């Protein structure tokens, strides 16, 4: 085991996979000479050169489409979006092309392409730079959506994503980049579509992904002090969703809280809540609860911003409500 | 002047014409539904342009792509069956008229979002440069597509990175019911190239030979110098935008006038001028008739994809 | 009462409102000289001229943005998207600008703008032309989403949408345009955010909007023949959602089926199911059921396409499952 | 030569400089977070360009918009308080550095999505033409923004409809860490105008008077002929792209060299040349010092918007 930062784990995944396969290239704004706006691609241009680490103009529709076209003819592009907030100008490419070409062509073309970059809010970035877009991408059949919560998952999942033959939306929590964590020394991958119990418990299931896993674990810690054992489940992949492990946990605990940084209406948590409500109908002792980002554009002011993002104290309160302790 | 080629071009243009007439008939008979955008009147563009390519070169087009698909070597059977929605169609009946694809022939598809395929074309050209495989990408689009941001971004990248690609604007003077002067501040589409310092060309497209030779120059530029070109080819569609378009925005006279420059007539005249005797020409026309008849029969007789098989096309296992 | 077609009802709403208020203009592809790709704007250019009925090039990002800018400085634009499939190239304008400017500006700018056009699948239009986008737009705080099911609602809701001071996504079922229906003779409006019981019943609640209301009513008819009384509830406005009327109905029937033409994952039905599950936890005799569009891009082939869209027979089967009759 | 105007320009440029220096200091002291994109070095562009406008004209800009906001008449207090996230800020502390707005001053905002505000600018210009209110819209953006499809679509509409608008590209030679030659196939941004048959201009922007006079021509063209113009103004930012940018992609020499053409020096020299005596100039500088000090104090002392009030800003009742 070694301890590395989240961004380094991603960097290792990129570097290791690129070494193995010349069809893989990294493309995006400032990924090369600048070494990445968030330094995820640090050193890669030195190592692989301008041919395989390609800086682009600010043309997301253009280079997201380039990733799609290059994948159609056999390359395996990794396209970095400086942040997922900027993916919206390329939404048509992701939804109408990336997700549909395989089916529209009767299976003739497969698209092994990864679209990756930071997502979610950071610190006072305001409405246009603080978005969680996973609910939109996970709605689209043809796309897979991956959201690691720690360095180990980040590296293992990114390697699997790069080896996968489908277009993948890989969202890295912007505030997780500096997080340190242990990762195995040797080569390893983590399969897509497999959730993980981040902390076992029997009284209530708390579901969260990306940075919400930290909120869930902090809440579980606080609850443990009061004798409440919360089980924290991290789907890791939003789509395909590991419904079985989630249902298993909720059937056991009988109670479920879903944490989501994004907006509530048609959020990922709504889908999970619906499935849990159906699969665990007879086991639920209380309705599924959701704690989500506030249903409004993100405000700039720090205190307002913090109140718009789920945190441990409110997660604890939500759990107690679930347990009718309040 | 290679007579064999002239025959091939005439055969292709005629087959495309008859194929689409058969499609129009089948559509009227409700053999299938959806949108049907006919290329009738523009045949010399697709046939001439693709005559300048090698088989390994890539072609990508819009929803008005039946001709490009056929000219790239796809069979009338595959295309007809696709529009009939049959499993024997090039896209297994899942794509239809707007989404013909053929990986084996390097036909990268027809697309329904105006301008949305241009960045993909930049991507295949990027791949060719990345792999140094010497291939050229031809990207076809209409005059109306130039207003889309996707076109601008694709050209921005293609010119910046000097990609081996040729952007071909088929200017048929209208985008649906909108004449060019109501969709663009300039009358010359090729002028767009000036913004990017890109090579450009502009000419009338009813003569298949002119189209072939002028496009060949751009293809050479792409293949040998890895430099992109924007070509505007002036043409005209004899039919409406799609089957549901009454075409009231054009006068009968204008349409009739344009038919005087039917690429098929021009193509046939080329054979006559080349001393190909009438009998041989009629033979070609008979061959085409049978080819399309056979394609219709094939489509009629083909099975549909069972629903159970559908799911596996969304994701690759 | 008069009988008019769905498209005529919309045309009346546009015409009546434009007569009253010069700040209103209609802009979009082929809306003027061509009288509309789907003839909703038929005759409006003759009536109001090129100044107020504006044909555009194929530049959705451009003219959606024009609608936003014009609204910021006091006009009341109605922007037609030839179909909502094409809204995806303008997603950034709708999400990052239309929905957020009011909040980002501290309430200084309000955006009275309506984005309207046909949505959903029609007949063999294939993957890129058969999309239901309401789940995406309803996810965005700052936008309202309206989806009328019949001529009367279409006219009344469009008039309210035009008079509303917020950016509105108004989606017209493409296959509803020719539907005939009765509408009041005089001036009338229908408030946004108010659902309607389209058919009363006591055994089960079927929720559907836009063309799914027709499927729900057909299913209810078939079920009635077997003595099952289904209540059909049409939210009419997806956001804001009339949760009270929905909860009231489900609390009464104890069973709920949600019909949705769009994709299941993070669909509008997921959100409704979550809210119903929470509000009616103790009244539900069975888990909320959803019947949605197939979770894949829309296939071109007619038979495959039809099997991907919810229909009455499958709605009936779903209801029987809910009633444990199968 | 109106000396009063020269004083105003110098005052504005200096106030913007000091305001941003105060912002940088407050940022370092963690008074607020987020992105902070300083305009230092480019002041003559915003001040000169806006000097060519009437109060009723519209201005819209990017996230690097503190200067444009101030030059449009917004107070240092409003701006400072906004970056402090206070309720007394122009956007009530909800927008922050990248989203300054002032309806009363017709400042239509700073925007964070590159190119995303260009279509909005076309919209306000459309509204002016629709209402025949004689207003002009000025749209500012950077050299990197030109690659965005939104820019292309906005210009396509503005030129087709002859809207009263001036597109001003502030070419500071870099988009974040990317030099122009790596984001564009041509070195002359104004060349983009050729694709649309649009009037264009291109000049160095360190002299506030030149900027004012050249922009004034375009504003006249917009106001009197309702014709758009694309202006490229060459400038330079002395600081990094944002506070988090180390700026390693530029040599120290390059940056130092550029500082020799500091718009503030040029602006002060204009006063000296105009025989304004040193005492008066120092008075201006003292006024500015107090103005910014007061703004900081105002921001420090201002309250924040309570969370309970936040919800009402999402929708208008």
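For reference, chains read A, B, C and D in written order, and residue numbers begin at 1 within each chain.
Definition applied: a contact is a pair of C-beta atoms (placed from the backbone, for glycine too) under 8 Å apart; a residue touches a chain by one contact, two chains touch by 3 or more.
Treat the numbers as computed from the prediction; the structure is a model and nothing was measured.
J.: Starting from the defined contact criterion, work out which chains touch subunit C and subunit D both, please.
T.: A, B
J.: So how far apart, in whole Å, are subunit B and subunit D when each is placed at the average of its C-alpha atoms?
T.: 46
J.: So, what's the distance in Å between the C-alpha centres of subunit B and subunit A?
T.: About 40 Å separates the centre of subunit A from that of subunit B.
J.: Any idea how many Å lie between the Cα centroids of subunit A and subunit C?
T.: 30
J.: For subunit A and subunit D, let me know how many angstrom lie between their CA-based centres, rounded off.
T.: Each chain's C-alpha centroid was found; their separation is 36 Å.
J.: When you check subunit C against every other chain, which residues touch at least two of them?
T.: Counting only residues that touch two or more other chains, subunit C contributes 57, 59, 61-62, 85, 88-89, 92, 96, 103-104, 126-128, 141-142, 295-297, 299.
J.: Considering subunit D alone, which of its residues make contact with at least two other chains?
T.: Answer for subunit D, listing residues that touch two or more other chains: 91, 93-95, 99, 111-113, 116, 147-150, 153, 156, 160, 182-184, 313-314.
J.: What is the shape of the graph in which nodes denote protein chains and edges denote touching chain pairs (line, ring, star, complete, other)?
T.: Drawn as a graph, the chains make a fully connected set, so complete.
J.: What part of subunit C is in contact with subunit B in the complex they form?
T.: Touching subunit B: residues 29-30, 33-34, 37, 55, 57-59, 61-62, 85-86, 88-89, 123-129, 294-297, 299-304, 307 of subunit C.
J.: Can you name the residues of subunit C that touch subunit D in the complex?
T.: 25, 51, 56-57, 59-75, 92-93, 96-97, 101-110, 141-142, 144, 165-166
J.: Could you list, by residue number, the parts of subunit B that touch subunit C in their complex?
T.: 32-35, 85-86, 91, 93-99, 111-116, 144-145, 147-150, 175-178, 182-184, 249, 304-305, 307, 310-311, 313-314
J.: Quick check on the complex: what are the subunit D residues that touch subunit B?
T.: 147-153, 156, 159-160, 182-186, 191-198
J.: Across the complex, what residues on subunit C touch subunit A?
T.: 61, 85, 88-89, 91-92, 95-96, 99-100, 103-104, 126-128, 135-136, 138-142, 239, 263-271, 273-274, 277-278, 281, 286-290, 295-297, 299
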